[in-house]
Amino acid sequence: MARARISPGAAVVAIGALLAIASWPLDAYWTGLLTQAVIFGGAAVGLDILVGFAGMASLGHGAFFGLAGYGLALGTLRWGVNPWLAAGIGIVGSTLVALAFAPLAVRVRGLAFLTVMLAFGQVVWGLATRGGSATGGENGLPGVPRPSLGPWDLSGAEAFYLFTLLMAVAAIYAVVRFAGSAVGQSLIGVRDNETRMAALGYDVRRLRIIAFVVAATVGAVFGALSAAFNGFVGPGSLDWRLSAQLLLSVVVGGAGSLWGPFVAGAGLHMLETYFAGTTQRWPLVLGLLYIVTVVLLPGGIASLPRLWRQRRRSARPAATPRSRSASES
Amino acid sequence: MRRVLTFALAALLLAGGAVGSLQAAAQTPSAASGEPIRIGVLDPTTGSFAVFGEQVNDGIRLYFDGVGDQIGDRPVELIFADSAGDPQQTLEQARRLVGQEHVDLLMGTVNSAVAPPLAEFAGQQQIPLVLTVAGARDVTGENRNPYVFRTGLANGQQDRVLGWYTAAKLGKTRAATFAWDFLVGEERVAGFTETFTAAGGEIVAQQKPPLGTTDYGPFIGQVDPSSIDVVYAFFAGPGALAFVQQMHQFGLLPNLELVAPDYFTAGVLDQMGSDAVGTVQAGGYTAAIDSPENAAFKEAYAAAHEGAPGVYVAEGYIGAQVVADAIARAGSAEAQPLLDALAAADLTTAAGPLTFDDRGQAVRTVYVTRVEATADGVAQTIVETVPEVGQSWTPAS
Amino acid sequence: MSAAATPTLEVRDLTVGFGGVTALDGVTLAVRPGARHGILGPNGSGKTTLFNAVTGFVRPRAGRIVFAGADITGLPAHRRARLGLARTFQITSLFPSLSARANVAMAAREKLGVSGDPWRPAAAHAAAEERAAGLLADLGLRHLAERTVGSLGYGEQRELEIAVALALEPTLLLLDEPTAGLSVAETGALVELVRQLPAALTVVLIEHDLGVVFGLTDRLSVLLNGVLIADGPTAEVREDARVKDAYLGR
Amino acid sequence: MHFLVFQTLNGLTTGALLFFLASGLTVVFGLMRILNLAHGALFLFGGFVGYTIGERTGSFVLAAVAGALAAGLLGLVIQQAFSRTLLGSPFNQVLLTLGIAFAIGNVVLWIWGGAPRLIRPPEVLNGSVAVAGVFYPIYRLFLIGLALLAGALLWIFWERSRIGAVVRACVDDRPMAAAMGIPVDRVFAAVFAVGAALAGLTGVLGAPVLGLSIGLEFDVLLLAVVVVVVGGIGSLTGAFVGSMAVGLIDAFGKARFPEISYFTLFAPVILILLLRPNGLFGRAGVE
């Protein structure tokens, strides 16, 4: 396979530009839907660092997404802080929580990690639910304001969509660069063979922590965006269902491919919104969709181009690239 | 680098899909005078609130069927969406209803947690919102949003009547409260406690199981039955169902009096069966109401469904009636005239007279009922009727 | 042989146990710089456990491990690797989704201290790529460089393992049964590769193939049930009666 | 004293139900390395089938049998239809079994209409008796006893019976078992179906305590997963001890610190797993 001469940066910017242009003639509803889709897609890309690269499947990632949202909401609504500063507090706060918990969480692997993260997510969810008037309890915190960027007022649907795109482009660009960097390669090493990495002198624990925190920070960025977009955070912004949705997006997209989880994260959200407005059977439809995906496309959406290429040159015998199934057990 | 290319391809597909759907969006007509009035109905039809959301939808459908889907000379179109009881999904579907379906107003929703963000959204979009069941107090509180009206009762509204009734009329003055540990539970217990203590009652114990708990063993054991003479409970659906049964198993019922807001037995009274007998409840509707309006409602319901309508169906029906009445009087589905008409509402529903206070909260009759055994099961009978109950009702007022 | 030279590796009274089983029992041995040191013993005699203890993958119950004069008993595995202690694994242990060169570069990057760069593309670390390419060329594996490891033959993978370990520029290389499962031809190629390793590099190898052991090593330690039963120049040990009884004799 | 006895019994009741649920989950995992996230949905499905049969026949025993059979059959169908995917990568397992869980949950809503249901315990088990000075419902005591009995039977089956030995052989070394002529595929199918049947049985047995409602499937699933991982995946002893531990922590936590009962359950889980990453009775390498 010849290597394309396109830098990741250019590609991500180009995608952003395409999405911006494509949305030009859309009405407020579609820009709104795309905004939320890009937010979930971006969060899934971040989680892919942890799941696809470091091989650590988490059922508690929603916690970092939601914590940043709560930070933004508490900052603006309770402490009267400027929205930008509040978003910063949320993102930094969420990252710090990740940094504090990471050394503990990375001690365990596989299902135990999944369960520890599930428990962690439940504890955070409990804090949000039990926070009384501080967190609004079950009802959450409505009325989170959208900021303006200098003269650029972000309260309109289109303006906020473009802003979200801008942020997504920046965040995903950073993730793509990170994934392709020496550290990203090291994470693949940890996923494939932890013992070997240690024998090569790599500090495996540190690498796991890095993956954990990077994924959390990216999640936090999109969590803050989500809170600003919806004008609302609640326990549903960080519960295990959200965590499951993000994890499923990574798997449906194809763990370790980055673009697959983005498409799946965004696409699944749009599909869910569409089906939920159309039929009461939408959980059934989504469930069947997952089942069909896993049976027909076990490598996820990311394996589509490869299958397509294989089909095209099926006449010629060619070495099959090994699938990057990030299995861990 | 290959990854990057595929990334671009994926994004293009996504954008392409969006553009493709454009046409669908563009074809949707926007509401104008003479055109159909479009009403977006947001109730949970999946998840744990599904059964209640369905009933509210039934009530709304029933009313508009009854008027031939017509208000004045304008046809009515109902567009239903699933809120799933989840704020995030509610907002998404609300955006879809407003942005893509171009509805003139929103109504519905069951659980309180979705009401505040939905109210916020309605304010931003400047679209009228009529809440049917969700009782979150904030929505009709001090910082009330002028686009929001609630035809159902606010959390605690009926509990205030219940607190007074329990102490003053039943003569039970030592209570233990059991309510799920969430805002709705707090608001209800607070309403009950205020009028109950004002009438000489005392709260002996407060138990707060986590939201959704169905095994009350750990909580029932905390209360000494000899120290109380009445139990106030607020749970809903499966929680309420399990609670009455376990209170019997642990021997607290039927020896103690059980009082609760109407949503306690709503939808599960038949399942509770004999366990529910004796339960005293306060609420905005009961099938036992004896009025021509309720008779008409029950008759309409019986034509399409089995059995008697419950409070969720009734609240859907009443909400639809209030909306239709306001649109008819406003002669328009434009936001401002509609809001003005809603504020001036004064009509008689299946549950009695209904007006709004200056915060958009319905002022209605509250009925105190007792569950009694009948030949073919159990039914509520009215033991007290309290007219013009507002959200801050006290016996003196 | 200078008795004064600091041994590259010293193991003193090393005892390792798992639950109720004692895998190594008071093993003491020393490996001098530049040695070709063989470890012999039947299955389950504790050879791999010895490697694991030396490289930091199992914690000993008692005893010390001294590397180039420094006590490394308490150090985690990756710190030992950074000090120059490289190893291969009994079961091939590479990164199947990466190319051969990327596998070697992975080791080189850590050694060069650029593995922590979160920003530049991994392949942009030219020094690491060059060192990987150079190493593969030196070992006569240039033709494998761009192939995905998963598509390589088993013998090629075993050779690549050594290349990866060498990218750490170790002073001590531990080879765990490098020829296990190889054909005669593959074994020959691998032995040749080991023979060509720099003389200054200290090599310890576990090996079952006695031909390989006697051909490659100058010194031999024999383990039986976790106990060191013989230790000395290869020529002497192969004549040791106890060793013959326990292992070679049959 | 009253408090202690009462909450201990409550904890054991929850623990008993969790054990029925977790034993199926853990054996399936131990044998096939399948984390079946549809286990909760099978629980719900079995419960609702049991409810319907109970209503029709008025027999609790028939309801329990029907619930177990229906869920077991559904489990068998799932196992046969997706046997390859089920043995694939863990990620795909998660996707598949969660997809199945969503689908089953929605179909249950479709068929039974989402109204919460209650199954009444049989007449003989109604009411309460005095235990160490505490009035306690007979049905709950029955559940505790049943769990002890089931635990003992499962243990005997596992450790002492020939079939148990066959299954253990498959757990320890699949290729070796196949080489010895054990029909591994059929053992897999049978164990998966039995695991599902246990879930369905729990749905009926638990209904008098927990009720049956949409959404319950995921609440119980989270608890069962926690039990299995804490107890040590694949270990029946672990499932038993884990169930009772989680049940007791939950009961005392809720009673003593209802405000923070969300943490009283999950915080110890984090602690246990950090201290013993393989769970209380887990073996290293089995994860």
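We just call them A, B, C and D in the order they show up, numbering each chain from 1.
Heads up, the rule we're going with is that a residue touches a chain if its C-beta (ideal position, glycine included) is under 8 Å from a C-beta of that chain, and two chains touch if they have at least 3 such contacts.
The model shown is predicted, which means the values in this text are computed figures rather than measured ones.
Trainee: Indicate, using Cα centroids, the chain positioned nearest the centre of all protein chains shown.
Mentor: Given all protein C-alpha atoms shown, the central chain works out to be A.
Trainee: Going by C-alpha centroids, which chain is farthest from chain B? Tell me that one.
Mentor: Greatest centre separation from chain B goes to chain C.
Trainee: At what distance in angstrom does the C-alpha mean of chain B lie from that of chain A?
Mentor: 35
Trainee: Express in whole angstrom the distance between the two chain centres, defined as the mean CA positions of chain A and chain D.
Mentor: 32
Trainee: Which integer distance in Å separates the CA centroid of chain A from that of chain C?
Mentor: 41
Trainee: In whole angstrom, what separates the CA-based centres of chain B and chain C?
Mentor: Spacing between the chain centres: roughly 72 Å.
Trainee: Two or more other chains in contact with one residue: find those residues in chain A.
Mentor: 129-130, 180, 282-283
Trainee: At which residue positions does chain B touch at least two other chains?
Mentor: In chain B, the residues touching two or more other chains are 46, 50, 181.
Trainee: Two or more other chains touching the same residue: where does that happen in chain D?
Mentor: Those would be 106, 259, 262.
Trainee: Taking the complex as given, what residues does chain D use to touch chain A?
Mentor: Touch residues, chain D against chain A: 33, 35, 82, 85, 88-92, 94-96, 98-107, 110, 218, 222, 225-226, 229-230, 233, 259-260, 262-263, 265-267, 269-270, 273-274, 277-279, 287.
Trainee: If you look only at chain A, which of its residues touch chain C in the complex?
Mentor: Interface residues on chain A, with respect to chain C: 177-178, 180-186, 188-189, 192-193, 195-204, 210, 319, 321-322, 324.
Trainee: Looking at the complex, which residues from chain B come into contact with chain A?
Mentor: Of all residues in chain B, those touching chain A are 1-19, 21-22, 25, 45-46, 50, 81-82, 84, 86-89, 91-93, 95-100, 112-113, 115-117, 119-121, 124, 136, 138, 181-184, 211.
Trainee: Sort out for me which residues of chain B touch chain D in the complex.
Mentor: 46-48, 50-51, 54, 181, 207-210, 212-215, 217-219, 221-222, 237-239, 241-242, 245-246, 249-251, 267-268, 271-272
Trainee: Okay, in this complex, where on chain C does chain A touch?
Mentor: Result: residues 55-57, 76-79, 81-82, 86-87, 89, 93-98, 102, 106-107, 109-111, 114-122, 125, 148, 150-151, 164-165, 168 of chain C touch chain A.
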